[in-house]
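Just so it is clear, A, B, C and D label the chains in written order, and each chain counts residues from 1 on its own.
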Amino acid sequence: MRRSVSADLDFSTGEGATQVALLIAVARAPGLEITDELTVTKDGDPVEVVEIGAPHHGVMHLVEFDAATVRGAEVRIRYRATIDGDPASALALAPAPSTSDLLTYLRPSRYAESDELLPTARREFRGLSGLALLDAVAAWVRERLFYVPGSSRVTDGAVSTMLLGQGVCRDYAHLVVALLRAMDTPARLTAVYAPGLSPMDFHAVAEAWVAGHWHVVDATGLAPRESLVRIATGRDAADTAFLSSYGGGLRMGPQRVLATVAGDLPVDEPSAAVRLP
Amino acid sequence: MRRSVSADLDFSTGEGATQVALLIAVARAPGLEITDELTVTKDGDPVEVVEIGAPHHGVMHLVEFDAATVRGAEVRIRYRATIDGDPASALALAPAPSTSDLLTYLRPSRYAESDELLPTARREFRGLSGLALLDAVAAWVRERLFYVPGSSRVTDGAVSTMLLGQGVCRDYAHLVVALLRAMDTPARLTAVYAPGLSPMDFHAVAEAWVAGHWHVVDATGLAPRESLVRIATGRDAADTAFLSSYGGGLRMGPQRVLATVAGDLPVDEPSAAVRLP
Amino acid sequence: MRRSVSADLDFSTGEGATQVALLIAVARAPGLEITDELTVTKDGDPVEVVEIGAPHHGVMHLVEFDAATVRGAEVRIRYRATIDGDPASALALAPAPSTSDLLTYLRPSRYAESDELLPTARREFRGLSGLALLDAVAAWVRERLFYVPGSSRVTDGAVSTMLLGQGVCRDYAHLVVALLRAMDTPARLTAVYAPGLSPMDFHAVAEAWVAGHWHVVDATGLAPRESLVRIATGRDAADTAFLSSYGGGLRMGPQRVLATVAGDLPVDEPSAAVRLP
Amino acid sequence: MRRSVSADLDFSTGEGATQVALLIAVARAPGLEITDELTVTKDGDPVEVVEIGAPHHGVMHLVEFDAATVRGAEVRIRYRATIDGDPASALALAPAPSTSDLLTYLRPSRYAESDELLPTARREFRGLSGLALLDAVAAWVRERLFYVPGSSRVTDGAVSTMLLGQGVCRDYAHLVVALLRAMDTPARLTAVYAPGLSPMDFHAVAEAWVAGHWHVVDATGLAPRESLVRIATGRDAADTAFLSSYGGGLRMGPQRVLATVAGDLPVDEPSAAVRLP
């Protein structure tokens, strides 16, 4: 399965020194062959990019704009990647998570407040575990939420989402993650490229640790899970945002994400367990 | 400086298989000589304990009670440690944090919602940075909060604390951490043994990354910072709770914490920068 | 049906002028014969009490302590009442509410945030109305909450209660009220004396406007509805608190509430519609 | 001073019986001469309107669409009014509020959570009262908020507004109201037509009871207070929304509000106390 993805992000700089952290590169899962390229320019000139590692084979790119940067400089980020290889065989090469990792993903986090949702989860999913729990949580979330672009605030977490009854992909995933953790099931947020997603954009899904593996849970059902391409993995959107900035502010411009799979898009079999390398 | 600490925790088991994670052991900071012992018994019989690593030299102990465990079994946890060595010289051995670590501690977390406190922090601490920022934040928090044992819920974070105007040590620390992150300063929560604390208990402080080092910020001012003994380090109380349980519930019994320093308790010089190995 | 009720409240004064508003007297429902007496003393001396009207035949008593009042003066409030007459026949004399009143009780209020619970209510009670809606809401709330004395904060509303999964009578009533309003059914909070309640205390129930009458909804099921004695009626606990103070603070002492019915306590028939004069 | 105001609201009906309550008519303050006209049409045909009283001389208009109403019927609401008379002399005719009214406006309400803001208000405004308190609160709110159209949710109250650091007129007013009540000063929300407001729309201000009168507090400073025209008065936006619907949903169309004063717009003297008939 060959997949091709790209992300174009534009922004203009604000005042003062600013550090920008990008999580847009495809994670280097063992067993997949990834060819990619990132270029960043400021007013047309290339900008130095530092690459550092992120959890679960992720790659973060850091760009610094010093205090001398003119306000309003136009920054263009262009990322292109091709991913070759069979995700299913790559799975066999995934290292086992440490106990410490699994415990981390049981804890409440900023946007997945499993502690506040404990009474709700315990009542709604009593007696369920394993893949049956995953299915039940995904169905519960799907049934309760409307997918409404622009409906959520960046500070909204799973509790707000449940109350509002609407959200976007990250909100669906946060609610799934929070409910699973409240049921003592390690769960995390995963930012992905999603061939077939419409409208095309960055996508977010949950991963839950069940029966010795991380399984993808996507309550939105908006894209086939099998062809998802992992970018970043973490506790919630605080860890997986495609762009974070520190110091001065940015003014975001247009962004464009593409993700395709060579040949036919896989058909998602809702009852099938899907894992992501 | 020789310090001696101990923690006695009692609980009785609930129904069903339960996993208990303890964060009560002293962190193995290079340069300190730590002698400690942990015993766990269930109805008088020894229980197997698994030790795993936690961030910043921390040690987590895991105990499992399988489904066959009788409900109401009495579990006793006894921890004793002696810490020898000069904290100041140990500091020289502390490994430098990775960029990735520092970025992690800039992110909002469950109980340190720096994203929600951004407008507040930006307005209150405009123009401040470095140690001056740390002092200003500590003073601001101290001025706004009353220390009221039992006043906070386990689900309360920094926003609740600020609104309530009261809390305990973890609440003070969460508010400090959240405000610092909102000012683009990496900050984390640190659980400690605190000689001189009154009433004696586990204690929590903030650590902030300034000028190339982690500095202790304790807005409660309840114990000298110099003789604090690090236990666990993380984003907030979700990462540093002394006891977390998964699966069945526990009924907590009495707990007793002790921490002393041989000789005189150091005097805390509020204006001095203090670091913890 | 003769009912006898009493309330003893003690407090000591704080610093500065303080106004205390009491809502402990039995509402003067037409058709009931009410004999009552209120005495308030400060350090043993009688204190002047001003009586003003409150909605739905309620009676509020105001007591002022001027700035010259010594801090720590002991205030004792003693209220006794006997209520004679047949509630059922008194109902015929109840004035019809105005349209304006009914619209008021459709609005979200401080502790009954029907606007935030709208998506939840619409999903859970779709298609229900009238007495069937009342029964469904009461059952839903009863099933989701544990009655846990001391579990709620005075600032908690229906949303918090639903998430916490526990509360006391006022929390049960707030959640009922909020859900009903979200279903376009006027609902209000009613403070009552409740013969048969155990442990005895002030009690709170919801009243919902259905089929041309206000019907009592008590999701706690802790006391027979038929012998409840109305005290105060309003949007939520903000309107019906038995004691509110303005200005200086008070230090509340012990309080004691009694409510009995002559002869046998009525048996509450859960499926019966009950109204309160 | 002659003022002319108008409001045009369009919406299309949803499914099922719907009741619409309008608060757009000018309040009938004694001493002002008000000439107004309201017409409501559905697909061009006149619709019956019922007029009922609202607090403080307000007028509410009710329109019912029964279940037989076709979905998507176009409803047009047209209101025109001319207000003659001298507001200053009209003030002398304003009836004194009852103690009960004043107590009501001391209580926390849905969007003015004075109970949650008590610690904040007590700390920030310690020792202030009367007109000095009003000025201090208005300045504090103005300094902390940015006026950002579209920034708030309809469920946001004063606490959210304070944290977000931004809002629109109703948010400014809610925060003022909540802080004043927390300082034991009766405060309420008042919906007004506001000549000079830009961009023109419905406006909301706070009124605070100080020195025996209701004084206008407008932390936005966006329109001269003297020429404001009272529409509705209540605890918060729950009581003063210009349009509320119950039952089926509506799809709001364009709305247009106008308010002018004959001759020159008065100049607002920030330090002057302004009252509204």
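Descriptive notes on the structure:
Keep this in mind: contacts are C-beta pairs under 8 Å (C-beta built on N, C-alpha and C of every residue); 3 or more make two chains touch, one makes a residue touch a chain.
All of these numbers come straight from a predicted model, not from anything done at the bench.
Shared contact partners of chain A and chain B, listed by label: none present.
Separating the CA-averaged centres of chain B and chain C is a span of 43 Å.
The distance from the centre of chain B to the centre of chain D, each centre being the mean of the chain's C-alpha atoms, comes to 48 Å. Averaged C-alpha coordinates give centres for chain C and chain D that are 30 Å from one another.
Multi-chain contact residues, meaning those touching two or more other chains, occur in chain A at positions 116. Viewed as a network of touching protein chains, the structure reduces to one closed ring of chains, two contacts apiece. Going by the touch rule set out above, the chain pairs that meet are A-B, A-C, B-D, C-D. Listing the residues of chain D that touch chain C in their complex gives 21, 50, 52-54, 60, 62, 98-100, 103-104, 106-110, 113, 115-116, 154-155, 184, 238-239, 244, 246-247. Of all residues in chain D, those touching chain B in their complex are 116-117, 119-120, 123, 144, 159, 163-166.
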